[in-house]
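Heads up: the structure comes next, in structure tokens.
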Amino acid sequence: MPVAEVARQMLDYYPRELNVDRDLFVACIEACYDCADSCTQCADDCLAEENVQELTTCVRLNLDCSDICVATGRVVGRQTGFDANVAGAIVRACIAACRSCADECDIHAAHGMEHCRVCAEECRRCEQACEELLPAIGG
Amino acid sequence: MPVAEVARQMLDYYPRELNVDRDLFVACIEACYDCADSCTQCADDCLAEENVQELTTCVRLNLDCSDICVATGRVVGRQTGFDANVAGAIVRACIAACRSCADECDIHAAHGMEHCRVCAEECRRCEQACEELLPAIGG
Amino acid sequence: MPVAEVARQMLDYYPRELNVDRDLFVACIEACYDCADSCTQCADDCLAEENVQELTTCVRLNLDCSDICVATGRVVGRQTGFDANVAGAIVRACIAACRSCADECDIHAAHGMEHCRVCAEECRRCEQACEELLPAIGG
Amino acid sequence: MPVAEVARQMLDYYPRELNVDRDLFVACIEACYDCADSCTQCADDCLAEENVQELTTCVRLNLDCSDICVATGRVVGRQTGFDANVAGAIVRACIAACRSCADECDIHAAHGMEHCRVCAEECRRCEQACEELLPAIGG
């Protein structure tokens, strides 16, 4: 099962009453894990490029974005003892990381780096899923 | 894009020659992220159960498995400077974590805990994807 | 060497010019790793308590805080391609997580839970180190 | 409080009987977090070097080692529902990661890279703490 289906079933089997828009949570959780992998592998692809010296800012933002996406996917995946301040703050950090990483990847995508093009798309998608979840969690 | 598709494209755009069975890597990367989420959310579902006191071993193994799956998904996702000793050892740790977590979840699934049933399935699937990758990386 | 000394030496050997207040970075990096461990172990101690059912919110906030502290310690530990928006946002998320976790731990510390007392202290210390770093990174 | 002191207090306040050699656990937990930070910052220092192209294997092993050290520090920090197979396997993975990363860092330390010299020392120290814990957890 892909992450989206796992996340949905886990919410469906949550044992307490759950008055949340599950679609928004599932979309955000999935996007976070997708983007975490995309950024880990884009950093690795950048390291393998001949002009890696011009890609060090991209590697760094990839690493930041991957770390923050993993933390966000986990926090958003938890419902017990939900804390709107914590969830809102990490989702906003994820938006910032995805935006900066996508902006940097776009520069290199324009010069033909296909892994940066794919990664920028995943970052934008994750940024959007986070933006859409934010009002639902009072962020 | 789900993790599997992200992982495949990132391998396809890897800038150096890559003589690996991409299907095995993609399957393992995807299974690791799926299982990481499954275990994070199963721990959360367990915490919300009335009989949480009987589920503390399950929560603990969920947390271990999630942490190890994230590390494994990242290590397996990297190709630059690939080290067979490191990759083999973390994949074996992932197999051990998935097996123990699935065994524990199975006990509670037999008593009607649906989130544990789903989580056990994801753990078994991740264990298998790791087992299948192991010979390909000389593990 | 403890984390603080590792972090300082790594900044001292950073190969480019570095016009930052190293004390603030070192203090924040160390506090993040200390607090990540404190929260991981407090969650584990809570799981072992007879009244774990009353501690599930504490476990959850421990897990969130640990995940966010690890991400923050890593982001703050990187200087190459430093991005003030990303760093500021994750440091603010860390402040929110530490504050919520400390508030929850304080409740249980008042009822004699010594691990919650220690954890609350580490969370407050990490919150403060993050607050002090924030203006220095333009946050 | 440094990680070692946090880890010790959290074990001291563990609410169930604990028949383990606490010194070995504390030393391993501390070494894992120290090494996680050392590797994160060594990767960052490498990215900032003019000859980063010759350091890409080092960056990769730093990233692997940091990811595996965080997972190991967390697993070893948990006592509830302790599973010797899982703990043994992740500690062995940590030994493999620390050894490979130290070997690679040593090469660059011999050419004057001081951050690699420090990182190699932290990796060796973590490898040793893991080796010493292994028999105590039946690994």
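To keep things simple, chains are lettered A, B, C and D as they appear, and every chain counts its residues starting from 1.
Just so it is clear, a contact is a pair of C-beta atoms (placed from the backbone, for glycine too) under 8 Å apart; a residue touches a chain by one contact, two chains touch by 3 or more.
Note that the structure is predicted; figures quoted are calculated from it, not measured.
Peer 1: Consider the two chain pairs B-C and C-D; indicate the one with the greater count of contacting C-beta pairs.
Peer 2: C-D
Peer 1: So which chain is farthest from subunit B, going by the mean of the CA atoms in each chain?
Peer 2: Result for max centroid distance from subunit B is chain C.
Peer 1: Would you kindly tell me how far, in whole Å, the mean C-alpha position of subunit D lies from that of subunit C?
Peer 2: Chain centres of subunit C and subunit D, defined by C-alpha means, are spaced 19 Å apart.
Peer 1: Calculate how many whole Å lie between the centre of subunit B and the centre of subunit C, each centre taken as the average of the chain's C-alpha atoms.
Peer 2: About 27 Å, centre to centre.
Peer 1: Two or more other chains in contact with one residue: find those residues in subunit C.
Peer 2: 44, 47-48, 50, 56, 59-60, 63, 70, 74, 78, 80-81
Peer 1: What kind of graph do the touching chains make: line, ring, star, complete, other?
Peer 2: Graph shape, chains as nodes and touching pairs as edges: complete.
Peer 1: Inside the complex, what are the residues of subunit C that reach subunit D?
Peer 2: Within the complex, subunit C touches subunit D at residues 1-4, 6-7, 9-11, 13-16, 29-30, 33-34, 36-38, 40-42, 44-45, 47-50, 66, 70, 73-74, 77-81, 113-115, 118-119, 121-122, 125.
Peer 1: Okay, in this complex, where on subunit A does subunit C touch?
Peer 2: Interface residues on subunit A, with respect to subunit C: 56-61, 63-65, 67-68, 70-71, 74-75, 78, 80-83, 85-86, 88-90, 92-93, 95-97, 99-100, 104.
Peer 1: So in the complex, which bits of subunit D are touching subunit A?
Peer 2: It is residues 43-44, 47-48, 50, 52-53, 56, 59-60, 63 of subunit D that touch subunit A.
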